[in-house]
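Letters A, B, C, D and E mark the chains in the order given here, with residues in each chain numbered from 1 onward.
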Amino acid sequence: SNSETTSSSAGGTGLEKTTLVVGTIPVPDSAPLQVAIDRGFFKDEGLEVKPEVVAGGAVGVQKLLGGSIDLTLGAYIGTFLAQDKGAGKFKYVADSYGAAPGAFVIMVKKDSPIKTVADLKGKKIAVNTFQSVMQLTAEVQMKVAGVAATPDQFVEKPFPDMPAALENGQVDAAAMVEPFITVESKAGGRIITDEMTGPTEDLPVAGWFTTEDTANKYPKTMAAFQRALGKAQELVANDRKIVEETLPKYTKIDAATAAVISLGSYPTSLSETRLQRVIDLMKEYGYLKTDLDAKSMILPPPAS
Amino acid sequence: MTHVATHSVRSVIRALGRLWLVPVTLVVWEIATRSAAQPFFPPPSAILARMHEIWFSGPASHLLLTDKALDDFGPSLARLFGGWLAAAALGVLIGTAIGCSSRLADYLDPLIELGRAVPPPLLVPFFLALLKLGTPAQLATIVFGVIWPILLNTIDGTRGVDRQHLETARIFGFSTAQRLRQVILPAAMPKIFAGLRLALSLALILLVIAEIFGGTGGIGYQLLYAQRSYLYPDMWGCLVMLGLLGYLLNSAFLLLERRVLAWHRGARQTN
Amino acid sequence: MLEITELVHSYGSHRVLDGVSLSVAEGELVSVVGPSGCGKSTLLRSIAGLIRPSGGQILLGGRPVDQIPDNLAIVFQDYSRSLFPWMTAANNVALPLRRRGLDRRRRREAAMAALDQVGLADAGGKYPWEMSGGMQQRVSIARALAYRPSLLLMDEPFGSVDAQTREDLEDLVLRVCAHHGMTILLITHDIDESVYVGDRVIVLTRSPARVSADLKVDLGASRDQIATRQLDEFVRLRAEVGRLVRGGSTTATTVLEQH
Amino acid sequence: MNHVRVLRGVVGAAGFAVAVEAVGLSGLVDERFLPRMSTILVGAAGLIVDPEFLADVVATLTAWALGLLLTVAVAVPAGLTLGALPAAERAVRPLIEFLRPIPSVAIIPLAILLFSDNLHLKLAVIVYASSWPVLINAIYGLRDVDPLAKETLRGFGFGPMSVLARVALPSAAPFIATGVRVASGIAIILTVSAELLAGGSEGIGIFITEAAGGNRIDLMLAATLWAGLFGVLSNAVLVAVERRLFRWHHARSEAAR
Amino acid sequence: MLEITELVHSYGSHRVLDGVSLSVAEGELVSVVGPSGCGKSTLLRSIAGLIRPSGGQILLGGRPVDQIPDNLAIVFQDYSRSLFPWMTAANNVALPLRRRGLDRRRRREAAMAALDQVGLADAGGKYPWEMSGGMQQRVSIARALAYRPSLLLMDEPFGSVDAQTREDLEDLVLRVCAHHGMTILLITHDIDESVYVGDRVIVLTRSPARVSADLKVDLGASRDQIATRQLDEFVRLRAEVGRLVRGGSTTATTVLEQH
């Protein structure tokens, strides 16, 4: 790891390590981290957190394993997949982002003949990453509507490219998040369905995780991180305004857009049962081969 | 008949002699990956087994290729060649024009330098936006990505033509077309070929990028899918396949080069 | 046909031609001699329109040379670099004939005939880099002759061939010149040769070059390697040119003969 | 003379910008996906005073410059060796040809696992991808050396190393330099790609990732434009160096035009 | 010093040297003449170890030539290609002197002195492509002479210079040969020259080359451009070589003189 490891001397807090390099993604999911940094929650714990942009959950996993970061934001599905395939052993340290109405939707362009989820049968659907929460939840919604999804109907496209892909007909539908939902809606795009309803209602989406090794090696540091982030998570969960103010600081979403977009939820605790839902869904849809135990992938929050 | 047979046996032996580094590398690779025992670096034996399963366990009538292989490689290779040939034609054309006219060079230089510093992946969305359909956009991506070495080497080659060759052509009143075809292009050809060879394997790379960012099939798509699913042997299988394709394409290219540049080898040989 | 007045050329600040004036009539063969590095090749390049002289005027057929004149051929001093290494000797010779509107077969015939004339009947299929220096030089002579230009500029064209071949080539050029009415300017370092082939011999001074003498060669139109070289006039001219090249002054006779 | 060239370059670039602007105005492409040239230019101008972007630029250019230096340091000797020893070249050719078509999108994830330092990671992928043009041009350049020039020095009793250093290298150098210029373009691309694909804390690629997350296509293009401008600048520097070093080369071929 | 026996060389199936035997003693200057394309340059390259002949033997100082001999210098026929365009004339001349272990300043002095000897005192700073053909040729002669080889091979070294310079260079080579005890093999097309500079003249036949005559030149050690050329022996030898090159048979005398 390139972050300096200092002994217990640091600030007398007894932390094994006072600097953490944390992978983030410039999307609303990571707002609490920015809030915690801005309000000095980490500093209060004797921690210095250096955020580093990672291009996606998979990169986060690799960077963790390569040792260039200590923690990262990552979608649960991707991490579970990685652990299932034996890439490494991971532990979630904190929850970050969960489903909320209007934050994860499937859209089509203005004049599309597609009206309902059932119409998506055999149609090309853009997802930001293969085997991601966007794809899984789309599959779930289609199954609920009585049509089967096939793997080859999904196309990987970065979110920013989705409006154009819809427009010129490369894909028929796209599973989108903010701020792109707002952008596409302005151009007349229609929402076919919310991805997070029915079986996927309130589904956990992303959290902060690290490798099992790191979690075991720096228990006090992790606890400090959990405490600081927990405070921010608490703030954010109860006041949308804080997110709106924070977004323009670490993303290129401007204040006006931030004020109107639909945000997900910011859960305040890591819940084993909630994560187990994700694992069960993944098993049901053939994403996982082995039995994963949600409990073993959670670093329990510090006893306060 | 036997003469032909011994001859071909000998040439096979010679070819094998040239490939000695391949088994050595494979063995080292196998040992290294086995002792590291990392899921990200599977040993070559596992990779080859996986490749066999995916692509080469088909019926003999299809040269052992599976349907998946035909699906993966057919369209990809067509795009690859299409893009490479288009880039070759454009690159040589523009490069010759620029190499012959310093005025044109002055006008276009900044644009070229600007263009070749732009990462092609960033442009894929715009090609898609402009060209709508998948294949033209993918071709555009490949052309845009691979044209630069051809262009720069062609410019260098045409600028470096021996002055006395040009003077001879002018004295005998060669038409512009003749001058290009009979003097400038042959003289620049060795350098153009270096560019074409660079561009060929670059075209494979750009094909992968185009498939990743724009399409829904082919090796690039396979590679991405394997990466996303943490299927490391599959991912490495794609890499090895790309390497093999690159090697084969390059070998074919060198055969062509031997024919076209026979004079050059003769003129430049030392005893 | 060719009228040069007060030609001046400098490479950068280095003056090479310092007011060269001379004229060549249609069908004439004029030899040019002068010390090494005095500016002969520069003069020839100017006439061919390959370099733009710094001053003075060159008129060809009454018109100023501002680009490369039509119907011109050159045998370059550096023959090895003027042959195209990607073509066989025959193709090197045949290529310019495209301008003559000949079809492929006729071009090939003409090329082979020209190669035959310079003693390379067998070497048509060879590439330049498979040939000896003298052979390359003869290919470039064959190329120029096959082209049948109205003005032929030759820069030390026989420097790399043996004595016998040299004589044969001299006679060949004389024949071709007479037969096709070519005008020829021939640069040479061989004083005997300059007199033997020339209708006139022009002597240039040491750099920067000026014309130091312009000698008429009165040896008649038909020349013979043995007979001509034994003529008193030949011996006298040879001595005269030799003295001039060595930097001697012109004698009274030659001054009279200058225009 | 020199400002005529600059002027012409500016005219060419301006012409291009005007053409793209005209396309934008014509409504041929959706402005949502391809913002108008004027918008991009305004965005690009705005970035000059953005200290965050300037830090990104410094990070990217540092990686690029170091990467290019390393590339030259690695690939030129390798190319000379392979060019001078055809047998060695034949032996490693399968490996080289096998490695060349492996794309950066595949290399970068592996490099992430191997390098924990972002700069090292960038340098590794830059060297990997930009070495090929230098290597190949060196091999072809050495093949193009006049055999008589080599024989001249051999005739004076110089050994193979001296002939390589004193004849082969100088006469292949202009072509190798062209390879370096190709490599410099590839190096910029790889720096930005590594930032895009592997992330990090600073760099033009990081800026672009952030702009993409906010759907600011205009800023993405503005940053891309800057990357391109650095390409132009670095090339101008390299060309100036070439003109100084290889005056003999240009003087020999240019006079005829 | 140099002993060649039954040397055979073929390019592919094309036989060029067909059993050439000759020997050169230490300090001797041997001229080689022969028709264009007969194989003179090939012979010279074989002696220099630049090509491996197909058959026969070359002994240099008693040892077979299987690589490039030490202490050798060559003036190539194609001088323009053998100069390095990225170096000035002075540096071209100075470069080989590195092998002599001279320091920078001494190399430069030696180079300037050699250039001065060939009449190029002012041209040291010029690049080859800024020089005339004859000047380039003289640079390559200067390079070879400055190196002070024990064996000097020259392939038509004076072909591109004017008569006066040629004579000066001939005398220079004679002087240097005598003074430093060099052994020289000099290929030339100029019959007078072959006799004037040579201790012996070797005549090769038309391709494939064999030695058709090996003439001893009895003109004494010190020669003079005017006096020597007027000697009866000179005139006789010149005629003899001329006849031989033209393919005539050897006269009784020359047969006697052959070993």
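Keep this in mind: contacts are C-beta pairs under 8 Å (C-beta built on N, C-alpha and C of every residue); 3 or more make two chains touch, one makes a residue touch a chain.
Protein identities per chain, from UniProt: B, D = Nitrate ABC transporter permease; C, E = ABC transporter.
Quantities reported herein were computed from a predicted structural model and do not represent experimental measurements.
K.L.:
For chain B and chain E, which third chains touch each of them?
P.N.:
A chain counts here if it touches both chain B and chain E, which gives C, D.
K.L.:
What are the mutual neighbours of chain A and chain D in this structure?
P.N.:
B
K.L.:
Counting C-beta pairs in contact, which two chains come out on top?
P.N.:
B-D
K.L.:
Between chain C and chain D, what is the separation of their C-alpha centroids in Å?
P.N.:
Chain C and chain D have C-alpha centres separated by 49 Å.
K.L.:
Could you tell me the distance, in whole angstrom, between the mean C-alpha positions of chain B and chain D?
P.N.:
Here the centre of chain D sits 18 Å away from the centre of chain B.
K.L.:
If you average the CA atoms of chain C and of chain E, how many Å lie between those two points?
P.N.:
27
K.L.:
As a quick test, compute the distance in whole Å between the mean CA positions of chain A and chain C.
P.N.:
Computed value for the inter-centroid distance: 84 Å.
K.L.:
Can you pull out the residues of chain A that are in contact with at least two other chains?
P.N.:
58, 65, 160, 164, 167
K.L.:
Can you tell me which residues of chain E touch two or more of the remaining chains?
P.N.:
50, 78, 81
K.L.:
Could you pull out the residues of chain B that touch at least 2 other chains?
P.N.:
As it turns out, chain B has residues touching two or more other chains at 40, 125, 129, 162, 164, 167, 170, 212, 224, 227, 264, 270.
K.L.:
Show which residues of chain D lie in contact with chain E when the two form their complex.
P.N.:
146, 148-149, 151-158, 166-167, 170-171, 246, 248-249, 251-252
K.L.:
Quick one: which bits of chain C touch chain E in the complex? Just the residue numbers, please.
P.N.:
Touch residues, chain C against chain E: 11, 33-37, 40-41, 77-78, 80-81, 119, 130-135, 138, 155-156, 159-166, 189-191, 242, 245-247.
K.L.:
Can you list the residues on chain A that touch chain B in the complex?
P.N.:
58, 65, 81-82, 84-88, 124, 129-132, 152, 155-156, 160-161, 164-165, 167-170
K.L.:
Residue numbers of chain B touching chain D in their complex, please.
P.N.:
Per the stated touch rule, the residues are 18-22, 25, 38, 40, 100, 102-103, 106-111, 113-122, 125-126, 129-130, 148-149, 152-153, 156, 159-164, 166-167, 170, 190-191, 193-194, 197-198, 201-202, 204-205, 208-209, 212, 220, 223-224, 227, 235, 238-239, 242-247, 249-251, 264-265, 268-270.
K.L.:
Taking the touch rule as given, give the residues of chain E at its contact with chain D in the complex, in rising order.
P.N.:
48, 50, 68-74, 76, 78, 81-82, 84-86, 95-96, 99, 127, 129, 147
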